[in-house]
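Take a look at this one; I'll ask things after.
Chain IDs A, B, C and D follow the sequence of writing; residue 1 opens each chain.
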Amino acid sequence: MVQMGLVGLGKMGFNMRERLRAAGHEVVGYDRNAEVSDTTSLEDLVSKLAAPRIVWVMVPAGEPTRETVVAFSNLLGEGDILIDGGNSKFTDDKINAELLAAKGVGYLDVGVSGGVWGKENGYGLMVGGSAADVERAMPIFDALRPEGPREEGFSHAGSVGAGHYAKMVHNGIEYGLMQAFAEGFELLEASKAVDDVPAVIKGWQRGTVVRSWLLDLLVRALDEDPELDDLEGYVEDSGEGRWTLEEAINNAVPAPVISAALFARFASRQEHSAAMRAVAALRQQFGGHAVKKAGG
Amino acid sequence: MVQMGLVGLGKMGFNMRERLRAAGHEVVGYDRNAEVSDTTSLEDLVSKLAAPRIVWVMVPAGEPTRETVVAFSNLLGEGDILIDGGNSKFTDDKINAELLAAKGVGYLDVGVSGGVWGKENGYGLMVGGSAADVERAMPIFDALRPEGPREEGFSHAGSVGAGHYAKMVHNGIEYGLMQAFAEGFELLEASKAVDDVPAVIKGWQRGTVVRSWLLDLLVRALDEDPELDDLEGYVEDSGEGRWTLEEAINNAVPAPVISAALFARFASRQEHSAAMRAVAALRQQFGGHAVKKAGG
Amino acid sequence: MVQMGLVGLGKMGFNMRERLRAAGHEVVGYDRNAEVSDTTSLEDLVSKLAAPRIVWVMVPAGEPTRETVVAFSNLLGEGDILIDGGNSKFTDDKINAELLAAKGVGYLDVGVSGGVWGKENGYGLMVGGSAADVERAMPIFDALRPEGPREEGFSHAGSVGAGHYAKMVHNGIEYGLMQAFAEGFELLEASKAVDDVPAVIKGWQRGTVVRSWLLDLLVRALDEDPELDDLEGYVEDSGEGRWTLEEAINNAVPAPVISAALFARFASRQEHSAAMRAVAALRQQFGGHAVKKAGG
Amino acid sequence: MVQMGLVGLGKMGFNMRERLRAAGHEVVGYDRNAEVSDTTSLEDLVSKLAAPRIVWVMVPAGEPTRETVVAFSNLLGEGDILIDGGNSKFTDDKINAELLAAKGVGYLDVGVSGGVWGKENGYGLMVGGSAADVERAMPIFDALRPEGPREEGFSHAGSVGAGHYAKMVHNGIEYGLMQAFAEGFELLEASKAVDDVPAVIKGWQRGTVVRSWLLDLLVRALDEDPELDDLEGYVEDSGEGRWTLEEAINNAVPAPVISAALFARFASRQEHSAAMRAVAALRQQFGGHAVKKAGG
C-alpha cells in the first residue's frame, strides 16, 4: 500500500481517489473546493506525505496544470515524483520535467482514459517517464487500471511525454470512431430504411465487427432518448483532436478521418458559417440561384 | 443563319434566345409562360419550323425534360434533331436518344455552362452525339459559345451522353473550387490576420495562381456585401455534384475534395444533425461532458 | 430443432453449418465443391427437406445470389422460406422477394456479421422480412447469434431489404472505425514518439474509450507482425462501403468519415494516380517545380 | 525610378530583377552563385546602395531567410527597409521585424504569387507592414505587379505578417483548386465516358464557371503530354498548405477541402502506408480476406 497526494478532485480526480482508497492506498486529496478536499493547501498536502512522496496532479490541462507544477517545484524535493494525469499536451511534459528535475523531483505523464466509468471499470493508462519512476508508481497504476492482464490496460509508452502522446493519439482515434457511428446513425435515421433504429444498433452489440464500448454507450444513450432529440448537435472539442491533427501534419501522415471528425465538431458549433455564405454568394453571382437572405 | 425551336425560356433559355437572335438566327421560342413565348404549343412550334428541324430543349432536368422529349418524339420526324441543353443526368441521354432514334430523330446532349453571364460572354458548351448531328447544329453552337477559338469554349465530347457527362464533371470540379475559396475566405475572416479581407481577395485577381472567374465573382459579391452577411449559409445542390460522386464511386476514383464540398452543402442545410447529436450523446455518456439541451 | 438447407459452404457457410449442427439443427448443405457438399444439386437438396422448407443462401452477392434465387423460385413452393444471408445490396431484396412471392415462397434478407470468428462467437444478425417468416426462422437465428440476450446480437430491422440495409450501414461504420485506428497507428509509427507501438495499442484493450473488437484484432495482428510489414497496404472494398456512401448521397447525409475511409482504399490500390499526376503537372507548369519523371 | 538591392537570384529572384530593370529601376542583385550575381557579398551590395536603402530578400523560407535577415540587421541602418518576399511563415515576420526595428530598419513581408510566369505577366503581391514603408516601396510593387488596376494585383493586407498570412491562405486555396481539377481529370480518364479528355478540358477555357489560370495551365500540360504519363504522381508540399491547416485548426475553421488536398499529397508520396497495412491486417483478421503479402 502506498501513500500519495492527489490534486484536483473534479469528476475524474474524485472518482480516482475512491478507486485508490478502495484498493487500500492512502490518498491525501486537495481541491480548491473545500467540501471535497482533505487538506487546506498544497503545502499542507505535502506536509502530510512522508518522503519520498508521490503527488498526482489531475487538474485541467494548460495553465492550471502548469501553475500546479510550478507550485510543487517549490514544495517537493529530491526523490519525490510528480505525476501529471491530466489531458496535457505532450509538449508541456518536457518543460515540466525539466523544471522538476532541477529540484531532483521525478516526473511521469499519464494519459488516463475511461471517463466517469473508470471508477468502476478501471482506467486505461498510458505512461511516459523513466522506468524507475514508473516502477515506483506501479502500485498506484495497478489500483487505477482495469482488472485483467496489466498490459491490456496499461502501457509504459516511453520517456517523458510519451504517455500524453499516446493518449492524444487515442483520443484522435476516438474522434474518428465516434463520427463513424454518428454518420451511420444519421443515415439510418434519415433513410427510414429500418423500422427501429435503436433496436438495430442494440443488435450490433454482440457478434458484429463494430462491437465496442462506444457502441454500448450509444445503445445506452438511445435507451434513454431513442431519437437523441433531447440534445443539441453542438459538440465541443478539448484539444487532443487538434493536436493529433497537428502531429499528423508535422509527420506528413494523411489523417482524413480524424480531420473530418474534428471539422464536423467545428461545423456543429457554427450557424451560417462564412464559408457557406461565400458558396451561397458565388452561386447567386453566376447562376442567379435563389439564396436565403439573412433574417429573411 | 439557321432556324430553330427553343423550349424553355427561363433564366437560361431566355438569355440564349437573345444571344442566338443577336447572331442572326431565327428562334421560335416556347414557354408555358405566354408572356415570353413566341408560340402557343409544342405543336405550333413544330409547325413553324421547316424540316429538317432543330429543337433545343432547355427545361429542368428529370421529369420536365423527359416529358418534353416524349412529346417531341410524337411531333418530330426523320431528319430532325432534338438537343437537350439542360442539366440532365447522362444516363437519361441514352434513353432519350433511343426513343427519338425510333422516329428517325437525331439527339444531342449539351452541357451548358456560364449561368446568367452567358448571354454576354457566351456559354461553354460540351456536346455528346454523332458527328453529323453536331455538324448540323454547329451554327447554333458557334452563336452560343464565347468569342475566341472554338475549341476553347466548345467540345464534342463523344457519343450520346458524353456532353452531359463532361458537364457533370465540370460541375463537380466547380463544387470543389467554390469550397476551396470559401474555406480560405472563412479563415481570413476568422483569424483577423488581415485588415481588409475583401481588399486581399480583390488583390488576387491578377498575377496570382488562384485567379479565376469564380474569384472575380467572389470579388463582385464582396463589393456588394463586404462580409457576405446579407446571406444565410444555406446552400442547395442541384444534382451534378451527387452524380459526380456516384461516378467516382463507380470508377473507384478517390474524390475527397468533391465529396467534402458536397457534404459541406448538405451540412449547411442541417441544424442539430442526427450525427452531431449522436457525438454529443456519446461524449455525455463516457465523460459526463456538458451538452446543450435542445430547446434549453 | 429445425431442418434446413444451406447453399454455399465457403468460409462463412461452412462455419455456419458447423454452428447450426452444434446447436442440434439438421442442415443439408450444398456447394459446387463436392468435397464439402451434402448433396449433389439444388433439386436434390430440396428433395431432402420436408415441407414447409427453409433454405439459407450464402453465396457471393450479385449474380451468384440472383441465380440461386431464380433457381429456387422453380424448386420451392407455397409456405417455404428462402433466406439470403449474403452481402447483397438491399435493392436486390425486393426483386428477389417479389419473384418468390409469386410462388408463395417467403423471403428474409439477413445481414451477417462476425467473419471467421462467428463459428465460435456467434454471428451478429440483422433481418428484414415479415414477422411471421422471422418467427419461423427464429430457431436458426438463435443458433447462429451469439450467446446473451437475443436483442444484443439480433434485430428484426424491418420489412424486406431492411436487414441488408442495416448490414450495409454497419459495414460503412466499420470502414470508418478501421480507418480511424489505421490513422492512429500510422501516426504512432511515423512520429516515433512512443517506444513500442504494439505495447501502447495493446494497453488500450481495457478501460479506454476506444476498446473494441477491432482493437483486439489489431492487437492480434501486431502480435503476429509488430510493424505489419508482411502485408502490402493494398485494400479491397466489397460493395457495402460504396452503397453506404450512395445512400448518404441519396439522403443528403454528410458522410465525410465513411467516404474518407472508402477513398483511402481506392487510393491504396493506385500507383501514380491520374489526379496526382495532374497536380504534379500543374505545379511544374506554374512554378517550374521539380517533378519526378515516370520511369526516371 | 528607385534603387534597390535584391538578394537571391533563383527562379523567382532572377526573373524579378529582369522585370524590375525593364521598368527602369536600378537593381543590385546578390546571389551565392557568382555567375548571376551583381556583387560579391551582402556588405558590397549595401555599399552600392545610397541610403535610405531598400533591400528585397528572395531566398528560401526558414533558416536561409532568417540568416539573411540577421546579416542585414548588422548592415542596414536607420531609415532603411528590408522586404522579405519569400514564402516565409507569417510567424517569422514579427521576429524579423523586431530585430530590424531595434536598428531603425523597417520591415515589409510580401507574399508573391505567379511563379515563373510573373516575369511576363507580373506578380500578385500581398504586403504586410506600415503604411509609410509600403508607400516608400510602392514603385517597386508597381513594377512587379501585373498591368491593370493596382488593387487587382496588389493588396496592403495589414501590419507585419499580414502579407505572408494572405499568401499562406492563397496557397491553401490553391491546393484545393488543384485537387478539384485533379479529381475531375481522373474521373474523366477512368470513366472513359468522353472520347478525348484533353479536348473536353480545353473546351472549358472560355465561358464556363471553372475557367481559370490553373485550368489554362492544365490545358498547357495536356498539350504537351495528353495523358500526363510522363510524370509520376508524386507531389511535394512546401509549407503553406500545412500552415493554412494549422491556422484553420487554431481558429476552429472547418477546412475539409484544403486538408483533403494536403493529405492527397502526403499519400502520393507513400507506398504501402502503415495505415493501409493496418486496414489490410484488420480485414485479414476478421474476415480471412485475402491480402497481398509484401514482396509477394
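Everything below uses one rule, namely that a residue touches a chain if its C-beta (ideal position, glycine included) is under 8 Å from a C-beta of that chain, and two chains touch if they have at least 3 such contacts.
All values derive from a computational prediction rather than experimental measurement.
Novice: I need the common contact partners of chain A and chain B, sorted by label.
Specialist: Where chain A and chain B share a partner, that partner set is C, D.
Novice: So using the touch definition from the top, which pair is joined by more C-beta contacts, B-D or B-C?
Specialist: The greater number of contacts lies at B-D.
Novice: With centres defined by CA atoms only, which chain is the most remote from chain B?
Specialist: The chain lying farthest from chain B is A.
Novice: Once you find the CA centre of chain C and the CA centre of chain D, what distance in Å lies between them?
Specialist: Comparing mean C-alpha positions, chain D is 46 Å from chain C.
Novice: Where the CA atoms of chain B average out and where those of chain C average out, how many Å apart are those spots?
Specialist: 38
Novice: Measuring centre to centre with CA averages, how many angstrom lie between chain B and chain D?
Specialist: Once rounded, the distance between the two centres reads 33 Å.
Novice: Would you please write down the residue numbers of chain B that are in contact with two or more other chains?
Specialist: Within chain B, the residues that touch at least two other chains are 114-115, 179, 181, 183, 186, 190, 209, 213-214, 250, 252-256, 260, 263-264, 267, 270, 273, 275, 286.
Novice: Residue numbers of chain B touching chain D in their complex, please.
Specialist: Its residues touching chain D are 90, 113-115, 118, 121-126, 145-148, 151-159, 161-162, 165-166, 169-177, 179-181, 183-184, 186-188, 190-191, 193-196, 199-200, 202-215, 244, 247-248, 250-258, 260-261, 263-264.
Novice: Enumerate the contact residues on chain A facing chain D in the complex.
Specialist: Counting only chain A, the residues touching chain D are 209, 237, 242, 245-246, 249-250, 252-256, 259-260, 262-264, 266-267, 269-270, 273, 275, 286.
Novice: Given the complex with chain C, which residues does chain D contribute to the contact?
Specialist: Those in contact with chain C are residues 11, 114-117, 178-179, 181-183, 185-186, 189-190, 213-214, 217-218, 220-221, 225, 227-236, 256, 260, 264-265, 267-268, 270-294, 296.
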